[in-house]
Each structure stands twice: as structure tokens, then as C-alpha cells.
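Take this structure, written in C-alpha cells, and hold onto it; I'll ask about it next.
A, B, C and D are the chain letters, set down in written order, and residue numbers restart from 1 in every chain.
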Amino acid sequence: MKKFIIKRLLELIPVLFIITFVVFVLVYHAGDPVSLMLPEDASQEDREYMRESLGLNDPFIVQYANFVMDITRGNFGTSTRYDMDALPLVIERLPATFELAGAAMLVALAISIPLGIWSANRRNSYVDLFITGGSVLGKAMPNFWLGIMLILLLAVNYQAFPVSGRGTFMHLVLPAITLGTSVAAEMTRLVRSSMLDTLGQDYIRTASSKGVPYVKVVVYHAFRNTLIPVITITTLQLSILVSGAIITESVFQWPGLGMLLVQAVNARDMAVVQASVFIIAILVILINLITDLIYFIIDPRIKHS
Amino acid sequence: MKQRWEWLTFIAVLVFFLAACSGESGEVGTDNGTENGSVSDGNLVIAQSADITTLDPQDSLSTNGERIFRNMYNRLFARNQDMEIVPEIVESYENVDDETWHFNLIEGITFHNGEELTAEDVKFSLERVMTDQGLKEYPYFTQLVEVNVLDTYTVEIVTDGPMPTLQHVLAKSGADILPKDYVEEVGMDGFVENPIGSGPYQFVSWDVDSEVVLEKFEDYYGEPGIWDMVTVRAISESSTRVGELLTGGVQLITDVTPNEWDRVNDNEGTSLVQGETTRVMLLMNRLTEGFATSDERVREAIDLAIDQQAIVDSVLRGSGVPVRSRVPEGVFGTDPDLYDTYVHDKERAKELLAEAGYEDGLEITLTAPRGRYPLDGEVAELIAVMLGEVGIEVNLELLESGTFIDVYSENENEELIMIGLADGLLDASYSLVHYTIDRAAGQTDYNNPDVDQLFQDASRNLDEESRLQQFKEIQQVVAEERPHTFLYQDKVNYGVSDSIQFEPRLDEALYFDHIQPN
Amino acid sequence: MNLLEVKNLHTSFYTDHGVIPALTGVSFSVKKGEVLGIVGESGCGKSVTSLSILQLLGNKGKINSGSIHFKGQDLTTFSTKKMRKVRGNEISMIFQEPLTSLNPLIRVGKQIEETVLLHKEELSKIEARNHAINMMKMVGIPQAEEKYAYYPHQLSGGMRQRIMIAIALACDPELLIADEPTTALDVTIQEQILGLMKKITRELDTSIILITHDLGVVAEMVDRVVVMYSGQVVEENEVEKFFANPKHPYSKGLIRSTPSIDQEDNLESIKGSVPTPANKPSGCPFHPRCPFAMEICKSQAPENMYYGEEEMVNCWLYKEEVKTS
Amino acid sequence: MSEATSEVKKVKTYKRSGNVKLFLKLLAQSKTGMVGLFILISVTLIAIFADFIAPYSPTEPQLSDILVPPSWQEGGTSAYLLGTDNLGRDVFSRLIYGTRVSLIVGVLSVVVAGFIGLIIGVVSAYFGKWVDQILMRIVDAFLSIPSILFIMVILTIFSPSLTVLIIVIGLTTWVNYARIIRGEVLSLKEREFVKASQTIGTSHLTIIRKNLIPNVMSTFIVISTLSVATTIILEASLSFLGLGIQPPDISWGGMLNDGRDYLATHWWMGTFPGIAITITVLGIIFLGDWLRDVLDPRL
């Protein structure tokens, strides 16, 4: 296991290197934050002062070399928008995003696992049709649409939840549902098909032939086997989670990484864009690693082989 | 077997717990789920469409920042509700000669850390903004040459020549007085983390992209503040902002788009308040050789083809006034003849095009932003159609704000570019500089030596009356020669809770103490 | 009295494309302590028969008519709950695939223990565990205490089938249904497992229904043979008589297609393949493949013809020989 | 049970023969597959014949008819079936024209992504060794950056026109194909017929073209189909961020985004494009799921 982790971590190095290059190339060409920082009225000289003071006039190679050197020191440059170090700006936002993503994941699990299991066990019934239909619908429905609707209905009309912002548990509910739904939609389908697969396995028949009650067959015998493919694909769902978070955070004014990123892109605040993309990439990689480790816990076949 | 399950449960619980913890510790006072309109606890919550980008008032240059800074810092001069320049921390002042001014400060003003505001602080602050090229406000302070301390409460300012706009500049954003000793002690980085001013409200916290919290400064030298705590939230999503207002989460929101007006007005306990802005939406014409718009007849045809009133009445629902000048009402130098008026004559437009040799039609490109100004994209689409009706086929290039401003500042646009220009100085010199030969070069390429001369004269003219005439004259010429085709002066729409009284200002600033609880 | 008596069993599967009859009138019985072999090609309905007895047909399969009397009680009338008490306790089952029939994520000992705990409520957890270990010893698993904590993938196929047997016999059932228990195993292991089944069931006096397509296994293990073809029983007889004198042309074909040591002549395989339940031929379902097919076979299905209580054939060829009642 | 086996058999016969009739017969048996195909064909026809179906110009504003509600609502008129938008344009006509852009973006960017992914996946698996190492590290890198991030950054450089959007989405979503195709090819490579071709000295290109690509086609078709659905939603999400297709071009995502500020007050502006997206995506997913069942790739 230790070997495995070390191997995976070593593989990271070239990956991270590729990421820095791609990100840098993009950012280098991404245009000029200066005009966005000054009003429409600013003259060319005004812009030139600003550009010089930001060190944006160096050639490509110099800038890239500086970039990589700086990154190894944890320095992603200074946010042109906030005039602060980019990395701390990004890191400060992580708790908010973790909170939202975690809650959304819980919502997604809470919705998708029972529904997926239920519809698998009632295959081709109306329940199944309804749940599968619902999950496709959830997948087909744009995220922000749901968010705005939830605000209109539950926050504005019924005033059951705060409209936006972060703070109490109540603030978390609507964004978590919004983001959770889009993940749940895909996951329900997944749990269902994985469950169907498992229910068709011989050992499920064995369990039934032993006289194990059906509910226990599903929960004790089938569920954990169902979970293994679900976990694999759930990590692939991360990108849905991230893109969903970007949009959900904007709708609910949730001060997380997604919102920072959107605003940084709009303001051409490239240091922040670089840092966020980099941090997100590392997080995705780490989560993949953690998933692999979860296999060790959940699937004895891996551990012993 | 059991152990594995316990492990998984443990991890799940841990993740959730961490998430919950970070939620509790990360924030200060976001819990503003107060009942609709209750402000009795002395708390005011305002939501604007974007956050401030810095707490350094000299490096901000934004309306959003101004709304905070006006309550935290003091300047030598300020503008009252009617945009007249009045002394703020100046007791008296004297124009010693054309280039030299003396200002006597009010005594006994203290910063939030208890230190007294003196001439040293004024010198420090103004020198910073007039010498540090990295500051966004720097370009507006280049005419100041020297700031001298005459005694503890007297400052001398020397300008590079007769400067009719000195008081405008001293009342402008960026002229804020910072505490010299404090800044020197903690450095500028330390200052922006925990800024100190001398205004009626002092800094409590800033959560980037979320909210700024200020509280009443008890030792304020003037009338003490009327709010105990003021929170200014940043909510970019328009419907969310309105939602917060409707549910009483905030008492005042800015930038309500026309489609939301009914929601705000129909709701019990909230209403819409409309205010003027200095921003004029206009089309910049390229007069550069080779572009069709270099022909004055084409420019006139474009202006005649556009029905400014229809645009304002339809899409904008009246949230604007058609104008024929860049200097809007309320700004020094405005020409009332060019306000609330427009020219529209499709037949004449067609004739002009035919005269110019385009009877078979003309194809031009219009570059316009989308999402930078209220309903900008929609307005551009309308203009494209209106021009189409007189035979000008428009190739509409709508760009996201960031891309748009790149094209604009690099002058990469073709015949027409639509943009909104505001007047930060509330003085026509700020607006009309665009028609000078130097500034127009590369952009409109407008070149009229008479206009240039008039502008140079006005900018050194200390006589208000003749200066006003010079400005009017420039505007008349520009309205006929059309380097810019003017559309309308934008309005700003606030959503206001009935629990407060609010009067909008032309400069779009907010003075918390002018917002009264009902 | 017979331990198990299946009478005129009809089972169908209900699918989107209509009803597919899998069993069309299956009857047979099992006596106490007896080993009954059910023989036939795949798709003939032998597995469906066994699943029907335990009512493990899934939500698409359904018993339409007929009865399954076990110790005098009709299992088809049992509630789900009552049926659960029967499964694994009084009737248990071993499946064909030892590799996939055990849950890969649960320790093998636990899987035995689960059955024990389900049906022997009087046992404490520790007792159940000990019982499970004893069962493992009984089916010949060395170092049973240690192997208790193994996962299925850590055991060989033969060992896994031993575990399956241990699970099946853990509650001392009266009837064991073994559905091709050795098909997936190596020949040597096959021998061991069959020997083991024989030994233990003798000890415990358990009846067995052995489902197989392997006549060698039949000859070695069973007391009586039931031959199935296309969802029905076509011949039933004691094992010696069956091999000595197979009656149904299908049985003859089966025996002829089985290699045997003392038989030198070349193997013959039955031409054609088993019809699917969905397109069953008219008349006798075997007639398209039958070398002795007559005109009547095409139009009319033969009745069961009895030579005695336990000797039956379903074929027109014997119409004259037997007087049907 | 036996029903399933017969189904499998049919599918296998289909796969061997490539029999179109059998394919259609299988399709006819699946209700959702039929529904999916029906939706897709209708949408495609609408896109092709938009000029004939749409009652009004989709771009011409009618300032006298701003924000007219749908015909069945109070204040609505039969002239505008689904109402008008904030510039007085017929929502129904815009919806019909929007079909074009949305489908084109959906399909063409999948073509771009699929092409890149297929090539990289096959090459990576077939040549193995360092080629595989390098390509897979690149895939890892791309996988760890969610594509929407990539697209957001790229679109700050190029303003999002139709072509740019197609290329950008294609360039950032190919990894999924590459990953799956690579897995398929890895197992194909060990099969006899590939080995045989190699022994008789067939050129790499021929092996890839004749032996590998045809055999990963069914997998490829299934991922592609489902990707069209995700791409249509992606375009809508980009529109939300102001980075989608820009007017005067009409896309459903763009309409939805225009309508979002009007959801509380003039629901029809944003709701109908939302429904259009949902139905189309639904149809594609139905069809894709059915294809997956029939072609049975190891996904």
C-alpha cells in the first residue's frame, strides 16, 4: 500500500508539470487585466503605468520560468484585482467550497442511494420508471435554473430559507440541494445499474436461498458490492461537482472557490485563475488517490492481491 | 467486517464535521435573516452588485468602493446631495495665486485609532496618490505639484498651472486622507488589512466577494453616525439581490434591472427608487481614413436612424434619458439644449447614405459589450435592427465584458463601438478630453483643432462663466460632427425597504448617515 | 410419505415480450434419505424446477399451478416469511458456480454463520461461530479457525464449494438441492466434493436433489433419475433400471452421447438443440429431434405412461406397452 | 432469464451481421429507445427546416410587443404562441432557430472531441511504452482540470463564436474518449486476430484502421451519443457564465440565460428554452442508454 501511494505521488509530478504549462500558456494569452482595472476613460499612458507596475511586459519564457520557480515556492503571484497574494485568497475560499461540496455530496448520496436501490429492486415498475425518468430530468435540467427556482419559491415566497450568503446551517440548505441534485441525478442512475448488476449475481441468490430476508439481502449483501463501481464513477463525477459548484456559488453568492474563479476570469485576474486551477487540479488528484485508498478499506480483493 | 463499516462511517462523519466547523468559524455576522424591514436594532444591510476590490481608497477607482470609503475616510472637500462642492475637513481656504492654495483644517479630528488628523496626514496622503504610478487614482492627481505643511492645521497645495478643477479633484475618490503614522508603522499591507480613517464608520471586517462590515465610530468629530453596524454585501446575481430585499435580508440594493422593477414595487414593504448617473451610453465612430464612418454624412445617417427615445422607452422602461452630449445634466459644463433630446429621421438618413454613395447599402461592424452595463446587449441588438432599417447592415459583435474592454482599449474595433462613459470628476473637462487630438488619436481619430484649442483654454480658465461657455461650444460642435453618437444617459435603480429613507445621488455614492430609519 | 412431492408444476416467466412457460406440468417426488437426480440439457427447466421449489424465481417468474408438498405442507401456499424459514433451514441449495456464489466482500465464516444465526435463534453469536467452524471442519477444510476469516477470493474453487456445502448443511436441512455442484470444478476436485456430499448426507440423513447433465455423476450418486426435456419430465426410473433400459428416445440419446470406459463404439450426439420455451414445437416437444418420431408425435403431446409407482415415461412409443390409467 | 438470453443472442447476431433490419427490430422493442429516436429526429428536422416552421424572424425586435405572455395566458395573443421576449421577439420562433445552434454545438464538438480522443486512445494503447506514458500523463492532467474551467479560461482569450465554442469544447472534453477507448484497445490488442496481423507484418496504420478502430466503434458511438447531451448542457452553463454563444446568434442556452433575470416576472422567456433543452437531452439519453444496452460496450 505504501508503495502504491508513493508510486501514485510520483506520477503526479509530470502531471502537475503539464498542468502548469497548459495553465500558463492559457493565462499568458488571456489578455490584459489592466484595461479592466481602469475606467473606460483611462488614457493609454495610464494603462502603460499600470502594466509596467504589474510586470506584465516581460517576454514569455521569462514569465514562465518565473512562474514555475514561484510555484515551487508556493507563490502564485499577486492578484491584480485584490492586490493580495493569490494563493491565500484561494485557500481562504476552500472551507466554503468544501462545506458546499460536502453537503451537496451528502444530499446526493441521501437521494441517489435509496432511490437507486429502490428502483433497481422494482425494475420496470412504475416506481422505476418514475425514478429513472426523474434522474434523467435532473441531469437534463440546468443547474442555475433549479437554483433560481428554489430561491424564488422557498426563499422569497415562503421565506423558509435565506436567499443567499453563507453562515448558518439554513444558508447551506438551498445551495446544497441545488448542487446535490445534479450530482444525484447521475448517481441514481449509477446506483441503479450497479445494483441491478449486483442483484443478478449468484451470491445474491445464495443469500436468498439461505433464507436471508430480502431487505437484508439488499442492504447487507448487495449494497456494499454496489458501492464499488459507484465510488469509481463518483470520482469521475467530480468535474460535475466542480462545474456545478462554480454555477451554484454564483447563484447563491456562496463565497467559495467557484465564485472567486468566475470573478477572477471576468476580471482577467490571472494569478488567481492560475492558483485556483492549480489547487483544484491537486484536489481532484488527491481525491482520486483517496478513492483508491477507500478501495483498500472496502474491497478485500484488492488488499490481498 | 464491522470494522470496515465503522471506518467508513467515521470518515463520512469526519468530513461532514470538518465542513460544519469551517462553516461556523469562517464568518462574522452573515446571519442577517431579520424580519422584513426591521432595522430597529441599528443594523443596516446594503447589497451591491459587486464587491470592493481593495480597502485602499487610492487604489480602488470604483463606485462600489466609493460607497464604503465615503463613510470610512474624510477628504478636504466633498459633494453635497446636490453635487455642490463643500468643505469637508477644511475650515477655510484661500487661493493665494493661480497656482497656490492654502487650506486650514478643522481641529480635533481623530482617526479611528485615536490619533489626530493633521496637515502631515494630508501631505502624506496627497503626495502618495500624486507620485505612486501604481495607484489607480494616480492619473487624476498629476496636476498637483507640491503639498506643503505650513503648520499643524494648514496645508499648501501647488498646482502645475491654473487649475479650475482643484476642488473637484480634492472632493474626488482617491483624495482620502490616510493616517501617516499608522501607515508608516504597519506598512501599506498592514493598513489594507486593517484600515483606519477618520470617517463616521470604522472598519470591522471584509470577507472578499462576500461582505464588508463597518461599525459606528464613537469619537467621530461631527454628528455621530446613526447606525450601529452597517454591512455591505456583494451579490452579483440580480434576482438573488432582489430576493434578499424582498425577504428583508437587506434594506437597500443597487442596480435593479428593469424587469425586476415590478417585483420590487409590487412587494409590500419595498419600492423602487430611481437615480441619475453621469454615465452616458454612446457609439464611438471611427473617423479613421478607410472606414465608412469617416464620412460625416454616414455618421449623421447613423444618428438619424437610431430612435433613442424608443430604446429608452422599450427595453430600458424609461431608465434613461436621450442625450446629444457626453456631459450629462448635473455635471459642470453641461449644455441643457443637448439634454433630453435626440434626432430621428429615417428618410433623411437614407438620403444621406445615398449622397455618401451607399444607396446600395453599407455594411459596418458594431462592437458592444454584454453584461457590462444594464441591458447593453439588448440595446445593441436594437441599434443593429434600427440601422438595418435604413440600409446599413450591421455585423454585430457582442462581447463579454472582459473581452470587450480588451478590444476597446487596444482600439481593435471597427466602425462602431458601444460604450458607457461616466464623469468621475463631475466636470466637463473629464468628459470632453476625448475630443482633443491627442486623446482621440487611434480611437475615434477625431481631429478638430478648434475643439482642441477650446479645451486647452478651458482647462486653464479659472473663470467659471467663460469656462462654461467654452465647454458648451465644444459640445455643440461635437453634436454636429459626431465623433460620438450619443444614445442616452443611464439611470440607476435602487430597491429600497420601507424601513429606511433613501435619496440617490448623482455620483452614486452612499452616505450611510443620509439613509434614515423610518 | 414422501419428503417432497411436486405435482403438475407450471412455472412461467412474465417478460415485456409476453409470457414464457418454463415448466409445463412437472411432477416427481423425493423420499426421505433418497438421492434424486434430475437430468437434462441446459434450458430444459431443471434449474427452474429447483428455484420453483425454493420460490427464488425473482419478480418475473411465477408458479401458475401445481403443488409442492414438503413434509405434507404445500410450499406454494406459504407466505414469504414462512418460506424464509424453510430456505436454508429445511431445504437448502448449492449452486453451480462456487466462484461467484459466495459474497466476495464477506468473510466465508461469516457467511456460514449468517445462516446459523438466521435459523437457530437459540444460539449465541459465539456458539454460532463455533458451529460455523465445526461445519467447516466437517466439510474438510483444514485450519478451519484460520480460514474462518478468509475472503472467498483467498480460497480455491474446491474449497469454496466446500464452504457452500457447509452453508447449505449448517442448519441440518432435510432436503439439499444441488444444482450442478461440480460442473465448474476440476475432475479430481469433483470426485472429492461428490464424495463429501455423499458422506455428510448419509451421516445427517439428508435427502438430495442432484441436478446435473453429467450421467456419470448420476450413475455414481443417485438412487432415482428424473429426465427433463423442454419444461417437463419425460422419464423417471430407478438408477440401475434407467441405465440398463432407458425408454424415452431422449434418454437413449443422452446415454449414447456420454463417453464410457467399457463402451468402444463411437459417440452419438443428439441432433438439433433444445427448443426455447418461447418456440416450443407442437405435439411432443422432442419430435423434431427424435429418430423414432411418428405422425402422432407432431400433433399430440404424449401422456405420462406408468409402469409402476416410480417408473414412468412420456412417449407415444410405449402407448401399446402400458395401459394408461 | 431465458428471455434475457434470447435477447443477448439476437444482439450478438446483430453484431456479427451488422443487419440493419435486426437493428431496427431491436429498436422497435425498446420503448424508451423509440422515444429517444423520435425526439432526436424531430429536433433535427426542426433544425433543418427552421426557416419554414418559424412564424417570425428570430432576431427582429418588435418594440410594440415586448414581453407578451404565452397565448393561453391572460394578456397573451394567438399571434405569439409562446409569448415574446424582452425585445418583442417571438419566443417560439427563437426556440426553433435555437435548435440549430444547440444541435450544431452539441454534435460538432462531440465530433472534434471524439476524433481526438479516438486517435489518442488508440495510439496510446496500441504503441504502449513511452508513448502511452506520455499520452496518459497528459490525459491525467486534463482529467484533473474540470473541462468547464479550461473552457472558461480559453474563452477569455477568444470570444465565444460558434466555431470557437465547438473547437474549445472539443479540445477540452476528449480525455473521456481517450481513456475509455484506450482500455478497449488494450484488451483488443491481446486478441488473436490482432496478433495474427502483427505476425504477418501488417503495417501499424492498417492494423489500427482495419482491426482496432472498427472494433471500438460501438463503444465510441455510445459515449458520443451521451456526450451530445452533456455538451448541450455545457453550452447552457457557459451561457449562464456569459461565455456561451453570443447574440445575435441564438442558442437555447443563450435564451435560457437571457430569461434568467426574468424568471420571477416573465417566466416564459426562460422556461421554454429550459424545457427544450430538457426534452432534447432526455431524448439523447434515452437513445444512448438503449444503444449501450444493445451494443453492450464495457463501459
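Methods note: contacts are C-beta pairs under 8 Å (C-beta built on N, C-alpha and C of every residue); 3 or more make two chains touch, one makes a residue touch a chain.
Everything numeric here is computed off the predicted structure, so don't read it as measured data.
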item: Subassemblies held together by touching, chain B left out; value: one piece
item: Innermost chain, where centres are averages of C-alpha coordinates; value: A
item: Identity of the chain that, by mean CA position, is farthest from chain A; value: C
item: Where chain A and chain B are represented by their mean Cα positions, the distance between them in whole Å; value: 36
item: Rounded Å distance between chain A and chain D, as computed from the means of their C-alpha atoms; value: 22
item: Between chain C and chain B, distance of the C-alpha-averaged centres to the nearest whole Å; value: 86
item: Inter-chain centre distance, chain A versus chain C - centres from mean C-alpha coordinates, in Å; value: 52
item: Residue list for chain D, restricted to those that touch at least two other chains; value: 156, 242, 260, 263-264
item: Multi-partner residues of chain C (each touching 2 or more other chains); value: 16, 106
item: Touching two or more other chains - residue numbers and ranges from chain A; value: 31, 148, 152, 156, 250, 265-266, 268, 298
item: Chain A residues touching chain B - in the complex, by the definition given at the top; value: 31-32, 34-47, 49-50, 52-53, 81-83, 89, 92, 95-96, 98-99, 102-103, 106, 148, 151-152, 155-156, 159, 162-172, 250-253, 255, 259-260, 263, 265-268, 294, 297-298
item: Residues of chain B touching chain D in the complex; value: 238-239, 242, 257, 259-260, 262-263, 310, 313-315, 370-371, 377-378, 381-382, 384-385, 396-403
item: Contacting residues of chain D [partner chain B, same complex]; value: 59-61, 63, 66, 86-88, 155-156, 159-160, 242-243, 246-248, 260-266
item: Chain A to chain C touching residues, read off their complex; value: 123-124, 201-203, 205-214, 221, 224-225, 298-301, 304-305
item: Contacting residues of chain D [partner chain A, same complex]; value: 137-138, 140-141, 143-150, 152-154, 156-157, 229, 233-234, 236-237, 240-242, 253, 256, 260, 263-264, 270, 274, 277-279, 281-282, 285-286
